[in-house]
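Below are structures written as structure tokens.
You will see subunit A twice below: alongside subunit B first, and alongside subunit C after that.
Now for the complex of A and B:
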């Protein structure tokens, strides 16, 4: 769509003044509502935290927190280094250099996004177990008979957990950074080259500083995922803060204690967000010309081979090896038992419907919040808008289980209100409208993943020059019309990217789904979990493979959406 | 219609279509009973199907791994839950303590379940027993063992066990506190920690797998997993793990009994189908259901005289520890704090 052509049409369109005012003023209240919805379970948690006894807090402070905190910080540091190195390195490799298979590698690097951390942890424990394929092959090579003859480092350790999480979370950085390298930097990079800088120098002195905000956004998403991960860390025996929240609540039936730890985790989250803000600071540039891809340097011979090998390492470790293992395990299972249960298909359908609905709702809410921030930019409410956006993003950092527990009380209150209204108006007997129906799940996904859409859409909006807003305003368009006719079409790539990320995340979500789902209802993730709980998790390989496969399609779409249009259409 | 409008239309249609699916809980007819369980329902599905065949009552299930009490509490008097089922005595007593259960009296239940495996008031009933045993590498010659011996330095680097915070382990540690006192138990935990061959993590079956993988020689886990593993199809991984170990039932020095936990159930406080709930409980202690527990799940029946699975029978007679279940549950929090204190899971 070409913008100049549509602008004259705006001027000729008369708008009723009252509607005009409502459509201009509605955004901020809606954003406040979204922020309040995210804050409700957190406040309910804070209330729980206040009920705790001081003796308990002493125990936590003395025996639990120091260890959990140092484990968590070490985990975040390690994962942070790995995701930044892998993500930025891979993004630069596929943008600045050309070698055989570069295009395939470009989207293959996103594949680990389709694998939930708990599945990759399961898989690597199997692959690297003394009885698994890798140690068995090593023993065969070295001529050792018994598993006792060769002890490799155990993946059940902090180091193992860092590696596993790093290799599965790096695509967050890769995704954001590659877009930056491809679209924004091209002209500047080429300017640097014409001034005589070599490729390496361009990377360090121009590309990297330019990509800093993108790296900050991607890394903070990855770190938030690592922070609230429960599957991999618990399974690999790393006592993080999240795992401590969990054990405090479960084994000691101590919700106040769990809430206290969860809230102290929020401090970490706020620190992460601050770092991300800092990383993005002073970096406001708008896209005023069509994005032009960087002309990649053609590599040949040994150097091309090296690039190819380096580029594929993250894909193999983060996706291909565990996926191949799951395929093998599934084949074995089908061979032994001869079929998959019909329940798996029902779970697949539930998963897709649920994830689609949650995606839709989350994208709409994210759009509202991001638009409110932009609309309030130069007004007195600017701070309020920004605060809403930050508050709305908090849910991403809270472990799913904790968020779900916090949500129980607000849900009960809303259910009570709905029940009263409906029974007064229509004589419908009171029942649980939200709790015990899919809407509770959609709500908890919205709270968890709103950060992704708010962040993505805000970043997308930042690239649309404000002069367009002024032009539209001066031609008499209201806020909603402006969003619909100008920004939405321009935002399409950002919207698609955010939607696909939410979809993939919603499909993988486990802990909150377990707690809040209705009766006789399973998603692929809960089905897999049930198999694991039954102590037959090799049978869960089928469900795990289904999750990975169902996650592949959106990831491939994401890879396509991530490529700027001109990059695809240019010769 | 411009290009930008079309996605909005599509959005609206999608919203309308999914809206119908989203709202409104399930309707509950008279011939139903709703089971909230922390136990994976697949394991008891044969029992539920059989119950449905016999009575015509349909069983709805939701598998709530954690947060069962919180959820039922929040649902309040509109909760559709009829029967609440857990796999650990502590969790079961928590439900009673949090006030989400109601006492029920039944001649059938009382005559089937021994008095020490149910509450006097009928607040909760145990349905099956789970003994926590020693898995031993089959090349090791051990016939007798005490839980206390796990801390013996001769097992340094040879012991496998799951997370110390798992309810199965906190119950065992709680029983140790009840027998030997908190101080001795702390020493014991430090000793066991020093003997661990790997991090205290994973599940019970991994003890068998890690024994076969040469990581450890002995480990603590529940007995029924062995029934499952040794009865797995020939050539499957689980069968190989199961075949790599023998089972020894350890005892406490003090009592000479083996530590036992239970699966159990209670009727929900606001059960809309309380009668059907009682029927389900009574069915679960019938000879038929108890024998299904024993043969399909390899758990120990609560009812005397029910035939065991041959693998489980091969472990010998079970002499359960003399401690009462509420007594064990009382020390559970202290046990969990000791686990933190000695850094057992690190």
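Now for the complex of A and C:
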């Protein structure tokens, strides 16, 4: 070949070094900004709490906190017990035993994830109403005529609230524990069997102790969700800390008081995070080399039927019954009125626009934070990036009410500054630029759901070998160009998954939305809340059904992702 | 010939909670234009870290790296990898899985006019004997083919220096030595200046014009293969470069006895 040995300098010489430098250096500062935005409401909360007078604090400590705190603790304890019993039991049932319909049950047990806590409470208020379907059916069965003849325990109580929350939140424990039972424990469980332990004994002596970290992780996630709940406890008349924060601010306009209660919630959150971290740390040690599925025991006849019935109870209570109720109520409403009101359509539109905007913003922010960690050239930058990612992920654990209260002051300050600047420059009359618009809601959704996109994108990036980055850089590509040409195409599934989760979570969000929405602005969730609070039950079911249907999307994805493992576990 | 690559008093390492961990210290090396140098040593001796530092993926603690009279890294200078004109071929080849062979090889040529780029990619593929695979995706190729695509991709932008990190370690024993000669031919044909990192003595002697035997972050000897082999600087170098011969002798001896 007659090619000149030294080729002329090719056109791949870097263009403008300054542009290169900006595109390389922009990520870390943006990640720091994201982390600071998440931390701002928490700091502002502490500051607001200090503004209150000592007398105010005494009033709170004497009249509000003891009841709210003991209610909340009792709620968390009760929900904790129920989610652990249901989640662990269901996970063991579908991994250790085989019976007709086990595969379907395996993913059906995830369905309650689609039902937000306020919707299940809303549904059961009506289902268990003295004139509702269940008491009526019971009376018919028992031959009792008058509603007074049969008194069921009232769902509007702490016990009712615990049950209702337990039956929608158990899937968190079910998911983490099932993975544990399915893979890691298999060889150990079989070793125990060969040592002469029966199936039940194996459960108590080997499987359960092994699953403890997984149970701790699942239960703390479920309890964070219970702590975040505002609708269910409010509808069922349980004065929790979350409800107290809300009423202290909305009805008494007492920001320091609300901030003080919110701070005490943060203490609980911290405790739950510590439990979760501890679980994850211990889980790492129990990973065995090659996960192998457990061989399930085949059940026949009566025992198979019993397993089937036991397994479907959580699905029926946590999903099928409320969903059937919502479908029926919606059908009745549509049949009666022949359509839905313009206001409901407007709140549907609000919800979708808001959720889409929040998804876009949150995915972009998650990408920036995850990319700052990945594209760091040196260890020190990588460490700073990782610290930002951790800080930016804190929002997932902070209840929406707490975040919203913490955001009030920063938002007011920013609104004030924007207002002053705009009125000075363009003579525009002052108005609430953030708090009077959807921006405040987009911001609070971003803070609360950033952990989802950061985590999802980091997991996606972890599957792309770092040597691809090095190859792209040494071939003359800068950080931004490398993201566009290599990582974004390869990240597409991870991005889509994270976007779907954020979209659905934003659609369901109630506590922060209630506090930060502009005047006369409703989403499906706040519409439902208002109807339930008024006790009018007109179109609430329609709104609830729309939210549940959207919530089914990620559950389907989750069930699909779980399919290969469950397919492998049955020969 | 003028010296093309210069490493002077190079020190590399990182901070740990327990203090500074040194990996490479006081390393000097120079390579002339068009020559192939080889860093030879056991795993953990710091040879790959030197490679990463030249490419710009490892910060310098001390010293200076210059290429064709241009300082890449040194006191107050730290060019990002994409501005160094240093190509690198990785142990796992690092082919972009979502791009076909043609677009992989053309990745670093994006500022070139399309027609010119096509010609250049075709030429590179022809030189590594893979013109027929242009439309295929990396996972459809054999290990040896992937390696040659990676080589073509690294050479396509005509870098001032090419780095090869354990280029043959992912291939089976039979193809290794023949590929080492083939890669040497391709590099020479392109007039490329290159540094190869390996722990395999046979590969080093097959490919290099200069060999540096490394141990514990230092180069013990930087010399021609002939000198390293016949006049080793010390006992360690002597033992290390003769290991493969010893092994070969032992094997033939064992075979003789068995026969």
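We adopt the following convention: the second predicted complex is superposed on the first by the 333 of 571 C-alpha atoms of A that agree within 3 Å, B and C clash if a C-alpha of one lies under 4 Å from a C-alpha of the other, contacts with A are read in each partner's own complex, and residues count from 1 in each chain.
Definition applied: a residue touches a chain if its C-beta (ideal position, glycine included) is under 8 Å from a C-beta of that chain, and two chains touch if they have at least 3 such contacts.
If you're wondering where the values come from, they're calculated on a predicted model, not measured in any experiment.
Enquirer: Touch test for A:470: subunit B only (first), subunit C only (second), both, or neither?
Expert: A:470: touches subunit C, not subunit B.
Enquirer: Report for A:489: first if it touches subunit B alone, second if subunit C alone, otherwise both or neither.
Expert: A:489 sits against subunit B and subunit C alike.
Enquirer: Return first, second, both or neither, reflecting whether A:141 touches subunit B, subunit C, both chains, or no partner chain.
Expert: Neither subunit B nor subunit C is touched by A:141.
Enquirer: In this superposition, which partner touches a larger number of subunit A residues, subunit B or subunit C?
Expert: Of subunit B and subunit C, the partner in contact with more residues of subunit A is B.
Enquirer: So in the superposed three-chain picture, is A:377 touching just subunit B, just subunit C, both, or none of them (first/second/both/neither)?
Expert: The second partner, subunit C, only.
Enquirer: Considering only touches as defined above, state whether A:439 meets subunit B (first), subunit C (second), both or neither.
Expert: Touch status of A:439: first partner only.
Enquirer: So in the superposed three-chain picture, is A:424 touching just subunit B, just subunit C, both, or none of them (first/second/both/neither)?
Expert: Touch partners of A:424: none, neither subunit B nor subunit C.
Enquirer: On subunit A, what residues does subunit B touch that subunit C touches as well?
Expert: 1, 485, 489
Enquirer: Please give the residue numbers of subunit A that touch subunit C in the complex, ascending.
Expert: So the residues of subunit A touching subunit C come out as 1, 3-7, 9-15, 17, 20-21, 24, 377-379, 465, 467-468, 470-478, 485-486, 489-490.
Enquirer: Within the complex, which stretch of subunit B touches subunit A?
Expert: For subunit B paired with subunit A, touching residues are 2-5, 8, 11, 14-15, 18, 21-26, 34, 40-43, 60-67, 69-71, 73-76, 78-80, 90, 94, 163, 165-167, 170, 198-205, 209-210, 212-215, 225, 228, 233, 235-238, 332-333, 336-337, 340-341, 343, 345-346.
Enquirer: Could you pull out which subunit A residues touch subunit B in their complex?
Expert: By the definition above, subunit A touches subunit B via 1, 59, 63-64, 67, 125, 129-131, 146-148, 151, 154, 156-157, 234-237, 239, 246-247, 249-255, 336-337, 353, 356-357, 360, 364, 401, 404-405, 408-409, 411-412, 415, 419, 430-433, 435-439, 442, 484-485, 488-489, 514-521, 526, 529-536, 538.
Enquirer: In their complex, what parts of subunit C are in touch with subunit A?
Expert: Result: residues 14-15, 34, 52, 55-57, 59, 80-88, 90-92, 94, 96-98, 107-113, 116, 120, 123, 127, 150, 153-154, 157-159, 163, 189-191 of subunit C touch subunit A.
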